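The same chain A turns up in both complexes below, where it pairs with chain B and then with chain C.
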Partner chain A sequence: MSVEAREKRQPWILLSPALVAVTLLLLVPLLFIVVYSFWLRSAVGPDIQGFHPDNWQRALTDPFYRYILLNTLKIAAITTFFCALLGYPAAYFITRSSGNKLILLLLLMLPFWISYIIRTMSWINILGSSGALNTLLISTGVTSSPIQMLYNEATVILGLVHFLLPFMVLNIYVSLDGIDTNLEDAATSLGATRWQAFSQVTLPLSLPGLAAGGLLCFVLGAGTYITPLILGGPRDAMFANLVFEAIITQLNWPMGSALSLLLLLVLGALVAIYNRFLGMSQLTKGLG
Partner chain B sequence: MDNTKRYERLLERYRNGDLDRRSFLGLIGAAGVAYGVQTPFAKMAFAQDVTQVRFDGWGGVVSEAFRRHAFDPYTAATGITVVDGTFSGGDEYLAQVRSSQEGEYNIAHLSGVFDYARYVNFGLDVELNLDNIPNMELVMDALTNAFRGITPDHLSAVPYNYGTTGLAYNRAYISDEEIREKGASILIDPEYQGKIGGWSDWRTRLWYAALQTGQSPNDIQDMEAAWDAIRTHRDLALKYWGSGAELMSLLAEEEIYVTEGWSGRIAALQEQGHDIGYYDAPNSFGWQECLFVIKGSPVEACEELLNFMLAPETSIAVAEGQNYPPALDGTKVDLGEKIPTLPAYDPTGTLESLTFADPVYWNGNEAEWSETFARVQRGF
Partner chain C sequence: MGWAAIRAYTILVYLFMFLPVVVVVLLSFNQNQFGSFPMTGVSLRWFEALWNNDAVMRAFRTSLVLGLLTALISTTLGVLASLALVRYTMRGKNLITTILIAPILVPEVVLAVALLLFLNWLGIGKSFALLLAGHVIFTLPFVILVVQARLVSIRRDVEEAALSLGASPIQTFFSVTLPLLMPAVAAGALFAFTISFDDITGTLFWKPGGVETVPTQIFSMLRNSISPEINALGTVMIVITVGLPLLGAAIARQISIKRGI
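For the complex of A and B:
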């Protein structure tokens, strides 16, 4: 075998374990879900096999699914907005801090050491009728009876921001850290104010990081179902909750498959748009 | 019976002189030949060497009671380990079982007749040999008959306990008189807006909607009125709870003042000192739980465990631990002092005072109603 041919084969040999894993653990199961989505649920007993577009027809035309999907995207968008609002100053502060950067980054990673469910449930102890905040408000005389703060859409968004904020901060931090600080100094030496230097030099240069963090927060937020389950009221649900209910509660695996693929397609389309305009490299930088 | 036990019994007969040496060696040799001939299936035969049985239940105090009073003594007596898992709901568990390999799940503490019918419909049942479960004689006929209505020629489960889903209320805010006067309608009383809870289970929601609209839960004629009652409850409720732990937390923390609740969990709250009342309104939701043996399980080992679990001393200890009356007939077995005081306990052994769901009626409408409930819950 020639050296050229061997060099051509080498990447494939090195990639083969990963390719096998991705094929067996991701593509094949995904194919099962695609096949399942064209089956039909029977009233009792096993599902009806075959090629039936009914589930897809319902998923795409039923106003109920459209409403929940749009509501899910709305909640994910609001969450992403707040993550950006809170995450940017935090990332900026970490980037500009001199000696304690590592400690600050470690603090940022600390929440990942605790289960996401525990972190979400902690809000019940903070915002509940006999939680920390109500106890404080009552003991300081601000209110005489507990304020109902839990189990609504606002607490769902709060829980999601709590969960996703570190992803946003890390992505913005990576972006900010790569910007030469001399650029801001150069801008101010040319007459710009500190704010102008930030808004016209640093902010535009850090936008790819902000966009990468935004994409991660949006996709993760739109795919969650635990947060509305724990912190939401009777009406609060996101699209993933419908998938869970279709598969687990209603035992309607075909419909659940169609719904999960629909969510995957919508979020996949967003990732594709992001990739078209900003490229995936920024995202991998943030994750790395 | 596994191969080891067969060999031990053969050896015992030989040692006792019931079997001559020639026959003993001949039988051992024949067993060896048989094993060799069916080599391709040896792996399957080896699987019959039961070393463990998996049990799945509701967790919490129920699991603790099973572990302490049933599983550990069973393991000590038989050498078979009981691996116990938990699930938060019967629907979720059925989804797991359906996507598993046969034999992966063995015994489950299922919600009586609903799940029994569903598992049978999915072909997940086995045929139990009741001769291997002599303690079944102590179980109330009323509970067993419900299963025989679904599988007349065999049983795949034994009844284990029963209870009700009645009204649980905080006595500091709602009096015993008020709950008796309003009954199930208290759950749609605007006076308690924001302080009402409810189980997210579609069956329970519809059952209570039937009571709130003056209909029979096992024969709802005006479905639209029932869905409207669910809508009203949804708009007044603070939270749909999803587990016993969440139910107890919501009541104990006074997030809600009234909800329907599981009798055993409310009894546990009362034991902890919370002033929570419990009331079974007329036609309150009665249910039973069973120990279901799932297809592919080592049936004999499971039967042995079931018999052990149904033994009065075990059954009573578990019942006292989980606060649900056992399936044992109080007219046949002395159930001690605590069990007759538990909510929903029926001293007659007939269970005529409780209303159980008709599995044919409810399971027949499951596909449509569970989906409609998902929509109604979200504002549709």
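For the complex of A and C:
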């Protein structure tokens, strides 16, 4: 074999284990559940193979599923909004602060390393009936018995914001950090107020970061079922909870396949729209 | 909005991020029998209770073995793929990159369902093997992103020098490339271990009955009620997943100082 041919084959040898893994453990399984979603669950024995549109019909027309889907999108949207509201000023502060930038950023990365389930359940210590807040309220005499603050939609959103905020801040930070501060100075020297310089120069330039952070928060938020299980009440199920119910509790795998594909399609459509307008490079920048 | 206001706002955001976690750590040292406020004193009783809790210790061993195996496999696959992506030009590189990071573009629930159903159909039901396969595929993109970022900064001319001085490609890899790669390999492995150690979304789908990892163990303990033991377990987890990377970073610093880089 010539040196050139060997040079050409080398990258493929290096790539093949990873590519085989992703193909066998993700791409083929995804195709498989497309097929599986057209099977039918039988009360006894194995699922009935064939082409039955029943699951899809139910997934798309059942008002309960539709309600949960819309509610999930609503919760994800509110979560994303609050992440942006809390995250933008914080990211701005980190970018423009002098000196201790690295420490601030490191602190912000810390939650990434703290377990998701610990951070979620930590709110029970704060808001639970014997939690910090109720203890404070009782000891100061504001209330005589604990107030029920947990297990509703608001606490689900709170938990999600707490979980997803670092993703938002990091993406905005990456975007803000790439903006030349001279631009803002130039605007002010040309007569703009500081607010005008920010809102007409810096803010528009940082929108790609905001959008990338927003997409991550939305997609990760809309795909979760753990937060509603820990911080939500029985009525606060999200769409991924339906998937979990179908697969693990009811063992209705064909229906579970259809539901998870529906979730993938809805969120995939969002990612595709994002990709069409902004491209994927901003996203991987924030992750890397 | 003045600078002082932004600073105050940012401090509040940081408090929001860290206060709940601080409370977990505080309460884990609480002497109070119910593990709630007000704290009555400092004690290690909940850590002792953990140590004597067989279910928790079993979960720990499972998570540890799973995390280490995941890190080993995922890092091997990830480093090889990253080398190819950084060092070579080839057709369809963008497509390949997209395929390789696809596992984090797909919602984890969907990945969990697809893998469970497909491997089950192949005859691999809920088992440790399924769990391992799931963790490997889920951590692989993170490893690739982290390792790729590190690889870009390693210069190629050192390897070319070794080759031109008569070293074989294999010799060059083991005595030049690999030592230079070590920080990237370590970062990737640490990342894979931590993500695997933390994972619950996929794990709840893949784990066989009776087998628990630390997060699923915490999850099932939460179903009963929040006991101080959970806070203690949380503290241990924080020490492992935060302390380990910090330790790793410190060691890496020491090594690079010694080498004079």
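The criterion applied here is as follows: the second predicted complex is superposed on the first by the 270 of 288 C-alpha atoms of A that agree within 3 Å, B and C clash if a C-alpha of one lies under 4 Å from a C-alpha of the other, contacts with A are read in each partner's own complex, and residues count from 1 in each chain.
Following the convention adopted for this analysis, contacts are C-beta pairs under 8 Å (C-beta built on N, C-alpha and C of every residue); 3 or more make two chains touch, one makes a residue touch a chain.
Note that the structure is a prediction, hence the values are computed from the model and not measured.
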item: When chain B and chain C are modelled together on chain A, clash or fit; value: clash
item: Chain B versus chain C as contact partner of A:150, first or second or both or neither; value: first
item: Contacts of A:11 with chain B and chain C, given as first, second, both or neither; value: second
item: Comparison of chain B and chain C by chain A residues contacted; value: C
item: First (chain B), second (chain C), both or neither touched by A:234; value: first
item: Which superposed partner A:263 touches (first chain B, second chain C, both, neither); value: second
item: First (chain B), second (chain C), both or neither touched by A:203; value: neither
item: Contacts of A:89 with chain B and chain C, given as first, second, both or neither; value: second
item: Partner chain in contact with A:41 - chain B first, chain C second, else both or neither; value: first
item: Which of chain B and chain C A:115 touches, first, second, both or neither; value: second
item: Chain B versus chain C as contact partner of A:248, first or second or both or neither; value: both
item: Colliding region between chain B and chain C, picked from 74-82, 128-136, 218-226 or 236-244 after the shared-chain fit; value: 218-226
item: Set of chain A residues, in rising order, touched by both chain B and chain C; value: 124, 128, 130, 229, 247-248, 253
item: Touching residues (chain side chain A, partner chain C) in the complex; value: 10-12, 14-15, 17-19, 21-23, 25-30, 32-33, 36, 86-87, 89-90, 92-94, 107-108, 110-111, 113-119, 121-126, 128, 130-132, 135, 139, 162, 165-166, 195, 219, 222-226, 229-230, 240, 243-244, 247-248, 253, 256-257, 260-261, 263-264, 267, 271, 280, 284, 287-288
item: Residues of chain C that touch chain A when the two form their complex; value: 1, 6-7, 9-10, 13-14, 16-21, 23-24, 27, 34, 36-38, 76-78, 80-81, 83-85, 87-88, 90, 96, 98-111, 113-119, 121, 133-134, 136-137, 140, 142, 144-146, 148-149, 194, 197-198, 200-201, 204-205, 215, 218-219, 222, 226, 230-231, 234, 237-238, 241-242, 245
item: Chain A residues within the chain B interface of the complex; value: 41, 43-46, 64, 67-68, 124, 128-130, 148, 150-151, 229, 233-235, 237, 242, 245-253
item: Interfacial residue positions of chain B with respect to chain A in the complex; value: 89, 91-92, 94-95, 98, 118, 121-123, 194, 198, 200, 202, 234, 237-240, 242, 249, 253-255, 363-364, 366-367, 370-371, 374-375, 377-380
